[in-house]
Every structure is written in C-alpha cells, then in structure tokens.
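Down below are the structures I want you to see.
Next, two complexes with chain A in common: one pairs it with chain B, the other with chain C.
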Partner chain A sequence: MRIDDPGMIKNAAGRMVPPEVNGNAQIAYKGVNKYISTSKRHAPSVASSANYPLDGNKLTSDLKDALVKSGLKNGMVISTHHHFRNGDYLANQIFDIAHEMGVRDLIWFPSASFPCHQHLIKYLEDGTIHHIEGSMNGPLGRFTSQGKMKGLGVLRSHGGRYQAIQDGEIRIDIAVIGAGCADSFGNANGLSGPSATGLLGFALADSQYAEKVIVVTDNMVEFPCHPWQIQGNYVDYTVKLDKLGDPEKIISGTTQITKSPDRLFLAELTARFCESAGIIKDGFSFQSGAGGTSLAVGEFFRKIMREKGIKARFARGGSNKYLVSMLEEGLVDYILDGQTFDLEGVKSMAGNSHHIDTSPFTSYNYHAKGNFAGMVDVVILGATEIDINFNANVVTHSDGYLLHGIGGWQNCLFSKTVILPVPLFRDRIPVIVDEVTTLCGPGELIDVVVTERGIAINPLRKDLLEAVKGSGLPVMTINELKKEAEKICGRPQKAELDKEIIAVIKWVDGTLLDSVRKVRY
Partner chain B sequence: MRIDDPGMIKNAAGRMVPPEVNGNAQIAYKGVNKYISTSKRHAPSVASSANYPLDGNKLTSDLKDALVKSGLKNGMVISTHHHFRNGDYLANQIFDIAHEMGVRDLIWFPSASFPCHQHLIKYLEDGTIHHIEGSMNGPLGRFTSQGKMKGLGVLRSHGGRYQAIQDGEIRIDIAVIGAGCADSFGNANGLSGPSATGLLGFALADSQYAEKVIVVTDNMVEFPCHPWQIQGNYVDYTVKLDKLGDPEKIISGTTQITKSPDRLFLAELTARFCESAGIIKDGFSFQSGAGGTSLAVGEFFRKIMREKGIKARFARGGSNKYLVSMLEEGLVDYILDGQTFDLEGVKSMAGNSHHIDTSPFTSYNYHAKGNFAGMVDVVILGATEIDINFNANVVTHSDGYLLHGIGGWQNCLFSKTVILPVPLFRDRIPVIVDEVTTLCGPGELIDVVVTERGIAINPLRKDLLEAVKGSGLPVMTINELKKEAEKICGRPQKAELDKEIIAVIKWVDGTLLDSVRKVRY
Partner chain C sequence: MSNKTSKSMVQVGNAGPGVRSDCLISMELTDSSGINIDLKSRVESMYGRSIRELVMEVMKFYGIKNAWISIEDSGALPFVLLARLEFLIKSFISSDKEFLPELYDETASVSHKESFRFSRLYLPGNSPSLMLNAGIHKPEGMILDLEDSVAPEKKQEARYLVRNALRSLDFMGAEKMVRINQLPEGYKDLPFIVKHNVQLILVPKCEGAGEITGLEEEISTLKKKSGTELTIFLMPIIESALGIEKAYEIACASENIVAMAIGLEDYTADIGVSRTKEGNESLYARTRLVNACKAAGIQAIDSVFSDVGDMEGLAEAVKKSRSLGFEGMGCIHPRQIRVIQQGFIPSASEIRKAENIARAFHKAAGEGRGVVSLGTKMIDAPVVKRARKTIDLAIKMGLLNENWLQQEKL
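Here is the complex of A and B:
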C-alpha cells in the first residue's frame, strides 16, 4: 500500500497505517494502555508421547533430515532466535537447505537479524523467502527500505514478538533453536560449549507455541541438560552440528566503555540527573544497554553507589563484565538478564544464582498479567530521533533507511523513569526534530532527554522537574534543545520518501503504531 | 449411571465406562499408545498488563478479597495443589469463605486431597461443593464410595491432570496456589519459609491455564522471588496469610526405612532382582517412592552400587534424606524431583544445583512431545491388587473402598522396567487376584511382581526371564504366586459392590480406563 491510499487508517498517534499486513487484518494503535485484547491465546496442536521415542532420543541425522521430518514446505513460517547475533551460521543453513529442496515463499520470523544474514538476500530475490517479520539490522533493512522485499516487514519489540506468538498473530510452523548445550531429548540452554550465549530466552515462545520445534547444538550432552531454558517436552527433533556459529561474533570477547569525551560527558550527566532526582537510592533498580555510553552510565552509577553506600535490588540487562562486577561487588542483589553480551556475562549466569536468566515473557510480554518492565526504576535507552513531543524513533535514520530493530526498547518504556541520553546531533544532523520519521515510542512514556548541551524533562513529569530544581543541572525545554541544535547545524531538510510502505511498526499490544516508507535512492 | 446401564461402553480393557462424566462427553480407553488426540491445547483468555498494577504489586488484603476480585461464583472450578499434604490449611479456608459468601456448586479440583480435608465433607453435603475431581485419600474417598457425593469423582494421574488442564478437558476458573515463598508480583517457590515444600510443580499447569490465579504465602519476600517455580506473569492476585499449614504435617521431619523384616526382605529381593537382571549398571536411572519398603529398596541399591562402584545418572523422586545422601555421596549425578518428602529434600533442592525440581509437565505429561518417565530404567511402585494378567489397582481396596489417589503411578508405568514389590497378602487377603477390583494400570506395562514367596515376571518380558535364569532367584508364574497365597488365606470372596458408579479412572491420555462402584455398607 501507499501512505496516501484512501484505505489507510489514521491511528491514535496521528500516523497512517494499513488495514492489513501480508494478508492479515490489523488493529490501529489506540493509545498507551487503551487497547484491551479480547482474544484467546494461540492453541497449538496437542502432541502425543506415542509419536515420540520412549527413550527420549530425538536425534536426527542432520538439519535437513529434521526439516524434512518437520514437513518443511512452501509458505511456512520458520523462526529462529538471535542469541548468536552476528556470528549465526544456523539461519543461513536453514534457507540453503530450503533453497536446495526447492521450497518457496517461506516467511522468516527471527527475533532479530544481523549483517551476517545478508546471505539471505539472494533467497529474498529468488522467492525462497517471501518476506521477513522481525527486526532487520543493516543490509536486510537497506534491501527492504529500497522496496525490494515481496511482503511487508513487520517490526516488533522483544515483548511484542512473544505477544504475537502467544496470541496467534503469527503461527510458527517450524522453530529452529540453536543452543550452546542440549541433550538428545531437546532440553537446552546457552550456558556452555563453543556457541554459549548465556540464555535462550528469545526462543522461549517459539518452543512453546510452534507446531514443530528443532533444537540444534554443537555441544550435545547426556540427559539431563540442565537448566532446561528450553524444555525438551516441547521439542520434536534434535540435531548435532559441527559448528553453530562464530564464537568471536556470538559473544564479544570485550565490551568496552566509550572513550569519547562527549559520550562520557553525556553518561555522567545522565547519572548526575538520576542522583539529583533521587532515583539512585537503596533498593532501586535500573536497566542500561551494552552500548558504550550506556556502559559508562553504569560506571557512573557504580561510583555514586559506592560513595553513598547504596545497593540496588536488581539490574535488568543485557549483562556484561561491568554489570557482573557490580553484582560480585555486592552493589546489586540480582541481575535479571535477557541477553548476555560478553563471556563474563555467560560465566556469571552459569555460576551465580543471583544472575538470573529471564525471557521476553517474564520481562516484557504486555499480554501477560503484568511483566517486569514496569518495576524498573530507571532505564537508559538510545534513539535515532526524538521529536518535540518526546516521541522517539529507533528504527530508521533521518534519511529514512530502516537499519535497526526495536529490541526491548518499546517494552522498557514502561519503566518508572525513561531517560534517553543522545548527542544533540550526529553528522551535523540534529537528533531532536519537529516530528520523528518513524514513531516507535509515544512521547508520554519518555521522561527525560539528556544531551551534551542540556536536559529536557517531559512536562508530564512535574515530579522530576520539581526534584531537580536547584540542582545546577542544565534543564531546558525540548524546544530549546532543538533550537540549540539548529543554531549549530541549521534546520535540516526532511528526507523525501517514496509513498510506498515497506514495513510496519507494531506497538507492544499488537496494534499498528506506524508505517515505514520506501526510500528514494 | 449404573454399571449395567445399556449406555455404558466396554473399553479396550474390557471395562465398562460411562459415555459422559459430570456432563462432559468421554472417550473410552483404546489401549496403550492407541489413542492419538487431534485436539488443540486449551486457549485461556489473553491478559493485558493494562489491567495489572504497573509496579507489580498485586497484594490484596486477604484471601476473601482475592477470591471476590477473581469473581468467585456458583459452579466454578477451583483448583489447589497438594504439596502441603496432610498439613494443608488453605483449601479448607477457600471453601469456608465460599460457604460464608453463599456460593454453591463449586467443583474442587485438587492435585490430591488428604485426611485434613475431611473438613470439606460438610460442604459436599450442603451443596457448597458439588463434587471433587482429584484423588481422594482417606475420608473423602470413603464418603464418595458410599455414594454421597453429588457428581462423579474423576481420578487422574499427576501427568493426566496436567494433560487434562492443558487440553482443556477441565477449565480452571480460579487456581489458588499456596507457596512457601512468594513476592507481591506472584513469583513463587517452595524453597523457604515455615511452609516450605521444596517445589510447586503440581500447581504449574494451574498457573499456566487457569483464568484467575491467586498466590498465597506466609513468607512474602521482596521482588524477585527466585527461582520462580510459579511465574508472577501468570498471577492475578497475591495474598499474605499468617500460616499456610502445619509444617510438621507438610514435610515429615523424619522419613524412615521400614523395620519390618518381611518388608526388608521384599526390598532386598527387589534389589537383588535388579542386580541379577543387569539393571543396576553405570549410568542407569531409577525411581522409588517414599514408603518404607521403597526407601529400603533404595538403600539396597546403594549397597550394591557402592560395592560395584556403580554410579546412577539420575534418580527420579519423591526425594528424602536417603536419596539426598546418595546424591551427596556421588552415587547419583542428579535427582529429578517431583515432590520433596522431608526437610533434607527441601534443603538439598534449595542448595544443590544437581537436585532439580521437575513438574508433571516435564516428567509425566503424555500429551507432550515425550516426557521423562520413559527414560527411567527401573521404577519401584506399589499396588493394592494385581491380577493374573499383571493388571494392577492402586485406588481401591478389595472391599471396594476408594481410599487412594493414582499419583504418578500410571505415568511411571512407561519406565523401561516396572517392578511392584507387594506382600503376598494383607490382613489375610491375597494381593494377587483373578481380576482387579479397579483397573489403574494395564498389565502389558507391568513387568515384575516381587513377593516374599517368589517373583513373577510378565511373559512379555522374555529378556528379563532370560536375564535372571540361573540367578537362584525364586522366579514363578503369577498363577503360582496366586495359588501360593490362596493356599494360606483361602480363596477370597469378591466384595459385592453396588451397581452405581461413583467415580471414574482416567488413563494418561484422558480416556476412561475404568469405573469405580459404590460400596454396600
């Protein structure tokens, strides 16, 4: 569809969204906490143990064998997870096999894709893969932005992906779950082996709801493989491969704090804001990403906590060696971890009972009876663009290219205080704009924007405005910040985009928040 | 219905079963591994986090408040678990409240009931409770046997209960889950507190599939309560009570090996059989109950394993101090535990990562993609009666009274070798009979009957007959065993039962295996 098509619907955020996507009817975004689903959870077929080997050994000869036994055929939805990040060998192999078998029109439903999946562009071109639902980082995003993918891209948050599977919005025919460690019954975890990823939470929903589930490992152990982050009782077939991925790229050997003075300043200012606002106090909780600036925020937190003798109850992660050392130092009681970013994170999760693996179900699923996100006191996130109503974009650049996934970003917006530390401009293009290119997060959920020139607090958060009065922090309005940037860079030209829609952005409740337009290239 | 009603159906085991039970159509038993379900899993309503407190605090003022908020009304299905065993205060309180509110015709769906629930008989009489689905140990079983319960009792195995909930054969309106330890969000486990039970696996299905879930604890801890054996994301309300139960009766302070010479002999003979048959070998696995004889079998296993330097890969339990000491001694690599029977079991599960909590899903659910039961090399079980076709009964006595639940017994029959050590007679009534009063387990799954006078091996197990040849063990046919008993006790009179049906026995796949008749009293 095109953005000016008369069938398009204006949603509660004023964004135009299509009435259906890839043949499925859609609900337009209705506002934060406004849409209450009345549907039922997806009900997969009941399995029978009569159809599975009594001794529990589900090992097949190879991945192709498992895919054939799972009934791989045209038009199926095939899911994978992204715990292997840019070191994943598995997803590419699945589609190599499908291509070799002459299977067509598959829908690939990864929890995220990475540059290593550029390999799949040829299958998008030759019809092996019809389209991708899932975040498309880098080359696949570029390909999609150029209008080359047959179906529409569907971008969901981590929690939104769990919700979509649970609610049957997408029905997975075959889930292929790579695991650092597994037994022949299909119990699996990511805690050991050459392809260790720490945890496998992104594949949890797939294991629970897919019709067929294949667990693939390069580290087959004797039953019982425990902890069973993935339960063999959900698994149809197991496969042993020589190598699941490139360990160097699965887990970064070294996470590094930024050395850039600008970013360090941004991080320090963010931490000082939290301190002044009274957020850093005994028993508090925080979440901060694995990017250079976020890591630096954590280190400034550590400094403040040490000085004041403050202990956090828990940190949500993305874990890394810095967070692990805070746990070991006793500065945080628990790490509630959704994704380990380095080997220290993996080791800690495997050995420290206070380093807990979570999943998008526990942490983020909006269609559950609550989740962990709202319990977090402060979350530090990034953004590509923020507008004067505090709406933010994390998926497209100002030139319109779709180059990033949503990740847990939307889900984290439900935390008690959401802070976006961003540079005032990137490559002389202001980050704060009149209107975001793509709406990923409604402004009412975004509380604070920290830039190197000043801090803007959402007027809805009168409590925060009050709390930092007299703190000496450079508090400004978001319009003032925008003007500040424009003084330096000039008023940016808005990218002229094609009217064709190439992807949609889902909100955490499954409704359509925005459409992503094709670029003119 | 009556056993001679023309509408009754003769199932594949030759037993008469009703076409419907409590208004729900039934499928008659078709044979082991013969019935393959074509249905879908139960699909509960999709929840929305918008309806739950964002800070995760779901604490209500008391149990009544939680029940009212959950919409307690006439005719609902209310579920509880039996981890508190005969020390449970919670189930009785629920129905006290229901009675006080004037709510009627409830269906109580416990994972098992105990003598302490005798309190509920008055509610069965006055119509607060319509009927019970779940095993009825002791007084409630007696009440039911006398034809006094309004609906039919439905007896399921632990795995069958998970299956029934998962498949929507029974739909729980409100699950009330008592927990030794919980946070206000509803994350819960049984690992600590005055009402610690070790684990909460019997409540897992309830938490996943009930429309409303209430977690009740006398030990509320700060978030996160971990491990979350029950996940708060499934929980609607939390309640703090002063006391969940009587710790002395929840967990026995002391599990004791039998001191009876007869039983010790039975245990030793069982262990010797396993040794001779080559079952006790490196990497083997076993399951043995918490009764005096079963415990003794474990101790004889220990002796043999020590002598021969044999290590088991895992023991399934029912854990107790004896099993825990085998784990600590290094004789078993893992305990895969479904129910802790003493404080040593609880402590071990809380502190030893090789003492793993399981659930009826992992261990027993027949309607999953396999389960653990079939992987166990040898299982030692009890029986009230065994017939000459190796069919066995565990629920009724020879006088027809329904006094025991099925527990995991049916599920365990899928283990590689099933051994029933039983005395040849009890109170001068032979245990081996022409035909069991109630069929709970098909003879084709029962391999060996060990009595103090001899061992009968199922003729289907030619391998076992071969393996123990020349071992000097007193191997006999089951008919010879029966004659032996009758020589001593005389041929028993079969109890004359009423024709009215008061309960049914489900097989692990949800089909009807047998009917239980009213007693003449």
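Here is the complex of A and C:
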C-alpha cells in the first residue's frame, strides 16, 4: 500500500497506517492504555501422548527429518529466536533445507535478526521466504527498505511478540528452538554447552503456542535436562547438531565499557541526573542495556551507590560481567535477566540463585495480568531520533533506512522514569528533530533526554523538573536542544521517501503505531 | 581574477571508513560548462541540498564560473566544508577575500591574565571530529594545534580549518588557544588566527625574548589592520636547554605573557637523555622554569603526560607537578582533564585552613588591627595572600560558596 492511499487510516498518534497487513485486518493505535482487547487467547491443537514415544525419546535423525515430520510446507510461519545473536547458524540452515525441498512463501518469525542472517536475502529474492515478521537488522533492513521484500515487514517489541503469539495474531506452524543444553524429550536450557546463552526466554511463547515445536542442541544430555527453561512436554521433535553457532559471536567473552570520552561523559551526566532527581535510593531498581553507553551508566550508578551506601532491590538485564559484579558485591539483591551478554552472565545465572531468568511474558507482555516493566524505577534506553514532543524512533535512521529492531524498548517505556541518553548530533545528523521519521514510542512515556549539551525533561514530569532545580545540571527545553543542534549542524531537509509502505510498527497492544516507507535510492 | 591553470587537480581534507565529520574534496578548473558538483555524502538525504548550495555560494563569492568539484563527505559541518573549499580555491587563484563562517558566539567569555589554566587540551588542527565535542569535557583551555600534530604538507589546509573552528566551535567557556608553528614558520599562522577571537597563542620551542618581541610586533600590526582590540595572551613553551637558560628573560619579554610551559619530549632529546616517569632528568629544568615564572609573576605550566591509559601514573605526576610549583598541565586526551583538575584544585582541608586564615585577617582588619594571629600563630601578609588564592580557586571550582565570609562557620 501507499501512504497516500485513500484506504489508509490516521491513528491516534496522527500516523497513517494500513487497514490490513499481509492479508490480516489491523486495528489502528488508539493511544497509551486505550485499546483493551476482549478476545480469547489462541490455543494450538490438543496433543495426545499416544502420538509420542512413551520412553520420551523424540530424537530425529537431523534437522531436515524434524522439519519434514513437522509437515513443513508452502506458506507456513516458521519461528526462531535470537539468543545466538550474530553467531546463529540455525535459522540459516532451516531455510537452506526449505529451499532445497522447494518449499515457498514461508513467513520467518524471529524474535530478532542479526547481520549473519543476510544469508537469507537470497531466499527472500527467490520466494522461499515471503516476508519477515520481526526486527530487520542491518543488511535485511536495507533490503526491506529498498522495497525488495514481497510482503510487509511487521516489527514488534519483545513483549509485543509474546502478545501477538498468545493472542493468535500470528500462528506459528513450526517453532525451532536452539538450546545450549537439552535432553531427547525436549527439556532444554541455555546454561551449559558450547552454545550456552544463559536463558531461552525469547523462545517461551513459541514453545507454548506453536503447532509443532522442534528443540535443537549441540549438547544433548541424558534425561533429565534441568532446569527446564523450555519444557519437553511442549516439544514434538528433538535434533542433535554438531554446532548451533559460533560461540565467539553468541556470547562475547568480554563486554566492554565504552572508551569514548564523549559517551562516558553522557553516561556520567545521566547517572548524575538520576542522583540529583533522587532516583538512586535504597531499594530502587534499574535497567540499562549492554551498549557501551548503557554499560557505563551502570558503572557510574555503582560509584554513586558505593559512596552513599545504597543498595538496589533488583536490576533488569541484559546481564553482563559488570552487573554480575554488582550482584556479587551486594549492591544489587537480584538480577532479573532477559538475555545474557557475556560468559560471566551465563556463569552467574547457572550458579547464583539471585540471578533469575525471565521471559517476555514475565517482563513485558502487555496482554497479561501485569508485567515487570512498570515496576522498574529507571530505565536507560537509546534512540535514533527524538522529536520535540518526546516521541522517539529506534528502528529507522533519519535517511529512512530501517536498520534496527524494537527489542524490549517499547515495553520498557512503562517504567517509572525513562531516560534516553543520546548525542545531540551524530556526525552531522541531529538526533532531536521536529518530527520522528518513524514513531516507535509515544512521547508521553518518555521522560528525560540527556545529551552532552543539555538535559530536556518532559514537561509532563513536573516532579522531575522540581527535583533537579538548583542541582546545577544543564536543564533545557527540548526545543532549545533542537535549536542548538541546528545551530551546529544546519537545519536538515526532510529525507524524501517513497510513498510505498514496506513495514509496519506495532504498539505493545498489537495495534498499528506507524508505517515505514520505502527509501529512494 | 587570474586563473592559474598550471595545477590540474587539487585535493583537500580526509575521507575513508574511520573518518568522521570531515570531507575529501577534489577540484579542477575547467574551461566551460559551469560548476559541476559530484557529491557523495553520508548525510545526503538531510544535507545534500544545503551542501550543493554552499559550494555554489562559495564559487560565486570567488567568481569561479567553471569547475569540477568532487566531494566525499562524512558529515562535515559547514565550517569544515567552507575551510576545505577556500583552501582549494586559493590553491588555484590568488585572492585576499575570505569566506568566513559566522561567529558562533559574539559574547564569548573573556580570558584574564589570572584565569586558571590547570588543563589545556591539545586538538590536532586538521582533525575536525576531535574538536566538535572537546568543550563538553570542560578543560580550562582548548588548543587548536598547528604544530606537531599537523603534517608539513597539511599545514596550509589546517590553517583554514583552525581559523573557521575558532569562529564556529562552541568552546563552552574554555580559553581559545592556538599553538602556532615554531617561528618563523609560525608567522604564516598569525593572519589565520589573530582577528578570529584567539585568546592565547602558544609559542613552541621558544629560545629567546627576541622571538616574543618579534611575534608581538607582527600581532599588533595584524590587529591594527583588522581593527580588533582584543588582548591576545602568549604562552611560550620552553623545549630546549638554551630555552631553559633564557627562561626568565623570555617570561619578561611581554606583558601579554600569562604563563610559560615546558615541553619535556623535546627538552630531554635536546640534552640527550630519555624521558622517564620519575622525571629526575628534567627536575632542574622544571624547577628553573617554575622559578622564572614566579619571578616574572606568571603561571608555570607543566609538560603533557603521554601515557593516556595510565590514570594513576597521571595523578601521581600531577601531584608532583603541583608540589614543584606548577599550576597546570597539558592534556592529549579528554580523559586526562578531570584527573589534572582534581590534582591542581585545593583539597577540603586546604580550603578550610585558607578560610580560617582569611577570616582571621578580615576580623583583624575590621577591628583596625595590623597584626593578625590565628591561635598562637602570627600570620603575615604572604600567608594571607596564599590563602586568598586558595579561596578564589575554591570559589571558581564551585568548592566554596561565593559568600563564604557571610556564612557562619561552626
């Protein structure tokens, strides 16, 4: 569809969205907490133990065998998860097999994609894969942005993915779950083996709701594989592979704090803001990602907490060696971990009962009886663009290219205070703009924008504005920040995009928040 | 305008995968068919149009009607593009006209003789990306360097960049400094900086008062020509045995000299020893320089600490430096700034002691007493003077309230 098509609908954020996507009817975004679903959860077919080996051994000869037995055929929805990150071999193999079998028009439904998945571009071109519903990272995003994918891309948050599966918005035909450790019954976890990932939370919904579930491991152990992060009772077939991925790229041996003085400055300013605003207090909770700047924010938190004798009740991860050492130092009571980023994180999760694995269900699912995101006192996130109404973009760059996924970003916006530390401009490109290219997060949920040249607080947060008065922090309005950026960089022209839509952005409740347009190239 | 067609193509600037905020521009004058711009920019979708307009404007300004210009842009800011273009054009034609970017801030802070100069950050004069955010780290001074960090064949293009940076950068309160080349090469730098709000010029490898008087003459000629009246301070850098011998004479050569620095890499080379972390080999030179500075009433500034990864070593060096009488140090990385500042600012107990002395003096003066005592100790004038200096420093660094005297001390 085209953005100026008369059938397009203007949603509550003023964005134009299509009435249907890939043949499925859609609901336009209605506002934060405005759309309340009244439907029932989706359920896969009832299984019967009669159809499964009584001795529990569901091992098949290889991945192809498992896929064939699962009934792989044209048009199916195939799901994978991204715990193996840029070291994943599995997703590519699935589609190699599908291609070899001549299966067509598959829908790939990953929890995220990485540059290693550019291998799949040829299958998007030859029709093996029809389209992707999931994050488009790097080369896949470029391909999609240029309008080369047959269907529309659908981008969801981690919580939104759980919600979409649970609500039956997307029905997974075959889920392929790679696990660091598994038994032949299908119990699985990510705690050990050459492809250990710590946890498998992103595959939880897939195991519960997919019609067929395949567990694949390069570390098959004798029953019982415990703890069973994935329960074998959901699993149809198990497969043993030589190698699930490249360990070096699955888990980085060491996560490193940024050395860039500018980013360190930004991180320190962010921590100082939290300190001045009274957010860092006994029993507080925080979440900050594994990017260089976010890691550094955590380290500055540690410094402040040590100096003031403050302990946090819990930290939400992305865990890494820095967070683990805070846990071990007693500065944090619990790590509630959504994905482990380094070996220290994996080790800690396996050995420390206060390092707890979570899933998008516990942390993020909007269509549940609550989730953890709202309980977090402060979350530190990134953005590619932020506009003068505090709306933010995390998926496209200012030139229109779709290059990142949403991840847990949208879900985290429900935390008590959301802070985006961003440079005022990247090279020459201002981060603060009149209007975001793609809307991923409504401004009313974004509280603070920290740049190296000033901090803007959302006027809705009068309490924060009050709290940092007299602190000496460089508080400015977001308009002043934008002006400052334009004074330095010059006023940018708006990128000219094609009218054709290539993807849509879902909000956490399954409604359509925005459309992504094709680029001119 | 006289077109010199001897040169066919000239290049300026930098490009490549690691380059940011810069551009590589090639230009050739042609005989007909107007101005042709071949632009490849990372920011094409947002600034492509404005870059092309800027190029056309500059070409028109210099009356160039036919040229081929190829730009490989990695997000260069307008002042960078302008510097690169002007250098190119002037390598084809001779013109006195300057295409100057607007001043970033007309009301930029004024520097004083007594301004603190704990840390001054060196920024290579031909690398725009390092300049853009340097101010956020709040050094007391930012040095746009035309000397050692710029390759000989890049000197001229760097001059345009430094000039435009002086006008366009947000120094965020840092003193605007330029290190010129060793004289006489440094004379060529002056027209690019004198009338563009430079506040302090570092004079490298200084070996005699004559160099300073010659420089001052040239500066005042340039100032007269452009009608600017801003004071330009000088900081000679002593980097040789001869320079050390002449230190006092140099320090007194001009009333605009506010500080003098020592450069130990060159100095140790000159006396034929290698530089060590302990620095015994340069102790004589350093103490002699400090003494000359104090005798002349100016600040003594120490050499840079070259291992940017060794923060503990740096802190140690600063401590030693301060104990010798130095009042500042050079930085070659933003990470060094805070360590240096913290080393040179007075500690809490030093401030308290100074407060007590100044308070006692104030009280005595109020009571018309000439003799000041604190406890059983008599306090004489130099002690009070030193206390005052500490207090001024503490206030400036935000360690002490401006109204400290009014605040009741328990």
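Everything that follows uses one rule, which is that the second predicted complex is superposed on the first by the 521 of 521 C-alpha atoms of A that agree within 3 Å, B and C clash if a C-alpha of one lies under 4 Å from a C-alpha of the other, contacts with A are read in each partner's own complex, and residues count from 1 in each chain.
Note that in this section a contact is a pair of C-beta atoms (placed from the backbone, for glycine too) under 8 Å apart; a residue touches a chain by one contact, two chains touch by 3 or more.
In this text, all values refer to a predicted model and were calculated from it rather than measured experimentally.
> State whether A:Gln166 touches chain B only (first), chain C only (second), both chains, or neither.
The first partner, chain B, only.
> Looking at chain A, does chain C or chain B touch more of its residues?
Ranking chain B and chain C by residues of chain A touched puts B first.
> May I ask you to decide whether A:Cys489 touches chain B, chain C, both, or neither, giving the answer as first, second, both or neither?
Touch status of A:Cys489: second partner only.
> Figure out whether A:Leu336 sits in contact with chain B (first) or chain C (second), or with both, or with neither.
After superposition on chain A, A:Leu336 lies in contact with chain B alone.
> Determine, under the contact definition given at the top, whether A:Pro44 touches first (chain B), second (chain C), both, or neither.
First partner only, chain B.
> Name, in rising order, each residue of chain C that touches chain A in their complex.
Touch residues, chain C against chain A: 20-21, 42-50, 74-78, 104, 132-133, 136-137, 170, 333-335, 398.
> Show me the residue ranges of chain B that touch chain A in the complex, using the header's touch definition.
Residues 33-34, 36-56, 58, 166-167, 185-186, 213, 222-224, 226, 228, 231-236, 283, 313-314, 334, 336, 353, 356, 361-362, 365-372, 374-375, 414, 416, 509 of chain B touch chain A in their complex.
> Mind pulling up the chain A residues that touch chain C in the complex?
Interface residues on chain A, with respect to chain C: 261-262, 264-265, 398-400, 423, 426-429, 452-453, 472, 487-496.
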